[in-house]
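Alright, structures below, take your time with them.
Both complexes below contain chain A, partnered by chain B and then by chain C.
Take a look at the complex of A and B:
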């Protein structure tokens, strides 16, 4: 679909605005986390896990590309411009995902909890009124299935290992919980998104379904459930971020900024 | 700490298609079979598809002795076990199929002189 076709679809402006906001949230979550994952390249605890985690990083960036392409079809800039040449205030990811990785325990925990959320969120998009989104999400969910398969045993293993691993995991729970609540926000356009049938559930239902899935895993890992997560000061879904996002964008776009006109 | 085994070696077998057998592709270190399976997927199937994976702890594989050459000794002639004779079949088949047979030759084929005493129930009934 080209820009012209998108315009010809005659998307009503309210619909289009809510759809664009939703696509930015999806793209920016995946791109932030994909980039943070990629920072582990060569540093993961074992070589096998290193290769697997890098592969997961590429999957996440690939999913971001899908969402950025849909945005481009709707008249936004091309995917590379959106990824490399967009100020932090225009990003709509949850602030949890822009934070530095921390140690391996925190990396695994954050990724698992996010992927669980993304699984619930994409389930809510399977019957989206925007057909290209519904179709793409069905494919993305098949790839994400493996991510959960990979991350869950890691989480349980670290938490049950006792000693240093368990202490680090418990510390990670506290740190991640401080910003986790921001994931469930759908930003200023939440009502419009639901009204137009773009997404099936709002933040409360997303959270309820996520909690139903996360709690049994915590029990299996022997981790104490900390209760509802805190909502961070900055709502990334409304363009408010920590300085870590500016740093992330600067690092990620370092090469592209070096010669914006270069052809790859 | 030396005897505390956190990681072990798993041998990895990939089945690429449902009609294929599992083929050994290499080995990896993992702390458990489930983690071995997930890392095997990305380490051996990053660019290829498959329908099934096996991981087997190396310690569970039983092998023949490496330094006992007689285990595989094959000293005498065993041509009789080989199937090379079958390679002639194509040529023979072609030779006889391609030649038209006369009626006499067919009769000759049904009543070979050397088998004259053998009972032939079908023919005796007629």
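Take a look at the complex of A and C:
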């Protein structure tokens, strides 16, 4: 679909606004975490983990590009401009995902919990009233399946290892939980998104379904379930971010800013 | 709708376009070509990406444009579509054979009950592989180890 076609579709402005907000949330979540994944290149504890994180990073960034292309069809700027030349206040990712990786335990835990959330969220998009989105997530879910297959055993292995690994994982749970609640926010447009059939469930149902799947993994890992996360102070879905996002955008856009006309 | 003979001729030309990472196998054999059609404005090709974030997509689209323009002289439009989504079942029997000859195990046709994704070894044919890494040198491949011939091997992920 081209930009003209999107305009010709004559999307009602409320619908378009809710759809745009949703696409930014999806794109920015994937792009932030994909970038953080790429920071492990050459540094992961073993070669298999290193190879895995480069593929996972490539998948996440690729998915972000898919969502950014859909935004471009709706009349937003082109994907590169949106990725490299957009101020932090315009990003709609959850604050949790812009944080630095921390140690390996926190990396694995955050990624697993996010991918589980993304699995629930994309399930809620399979029958989206916006067909290009429904079709894209059907494909994306087939790829994300492998991320969960890789991350879940890592989480369990670290938590059950005892000693340093277990202590770090328990520490990671405390740190991640402080910002975890922000994942489930759908921002100011939640009601409109549901009203227009863009997404099947709101934040409470997303959380309930996520918890149903996360709890048994914690039990298997021997980790204490900390209870429902509180809502963090800054809601990234409403454009409120930490300084880490500014730093992330600056690093990611270093080449593009250095020579905006460069092709690679 | 395109004339079926025309479509066949176009697909034959597209056999020239190979996966840049697996130069033995064409995009037709990989099941990436969803539709080709000839209209008044030229040729239109619908490709379905094996993986959404595959970095070879732009290169493949350029190649498609190049070979079809050379053959026909008409304008060529290449679009990537997500519907139907690409699955590993779209790889043709010829494509599966060429993957194997290249040393990459074609994906298992059916997953067994435990969700096992280990393919038969492309070197000795034994089904005694184990997963070394779900991820490999490209997004679409995993790395396995054959317990029979004691060789590591790559395989395409079933998706």
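As a working rule, the second predicted complex is superposed on the first by the 264 of 264 C-alpha atoms of A that agree within 3 Å, B and C clash if a C-alpha of one lies under 4 Å from a C-alpha of the other, contacts with A are read in each partner's own complex, and residues count from 1 in each chain.
By our rule, a residue touches a chain if its C-beta (ideal position, glycine included) is under 8 Å from a C-beta of that chain, and two chains touch if they have at least 3 such contacts.
Please read all numbers here as calculations on a predicted model, not as lab measurements.
Superposition model on chain A: chain B and chain C are shown in a clashing arrangement.
Looking at the shared chain after the overlay, A:132 reaches chain C, while chain B stays out of its contact range.
Once the two complexes are overlaid on the shared chain, A:143 sits against chain C while remaining clear of chain B. Shared-chain residue A:52: touches chain B and chain C both. Touch criterion met: A:154 reaches chain B, while chain C stays clear of it.
When the two structures are aligned on the shared chain, A:74 is found in touch with neither chain B nor chain C.
Chain A is touched at more residues by one of its partners, and among chain B and chain C that partner is C.
When the shared chain is aligned, chain C comes close enough to touch A:66, but chain B does not.
With chain A used to align the two structures, chain B clashes with chain C at 129-137, while the other stretches in 39-47, 57-65 or 129-137 stay clear.
Comparing which residues of chain A touch chain B with which touch chain C, the overlap comprises 48, 51-52, 55-56, 146, 149-150. Looking at the complex, you find that chain B touches chain A at residues 7, 28-32, 34-35, 38-39, 41-43, 46.
The part of chain C that touches chain A in the complex is made up of residues 49, 51-55, 82-83, 85-87, 132-139, 143, 157, 159.
Chain A makes touch with chain B in their complex at residues 46-49, 51-52, 55-56, 146, 149-150, 153-154, 157. Within the complex formed with chain C, the residues of chain A that make contact are 48, 51-52, 54-56, 58-63, 65-66, 132, 135-136, 138-140, 142-143, 145-146, 149-150.
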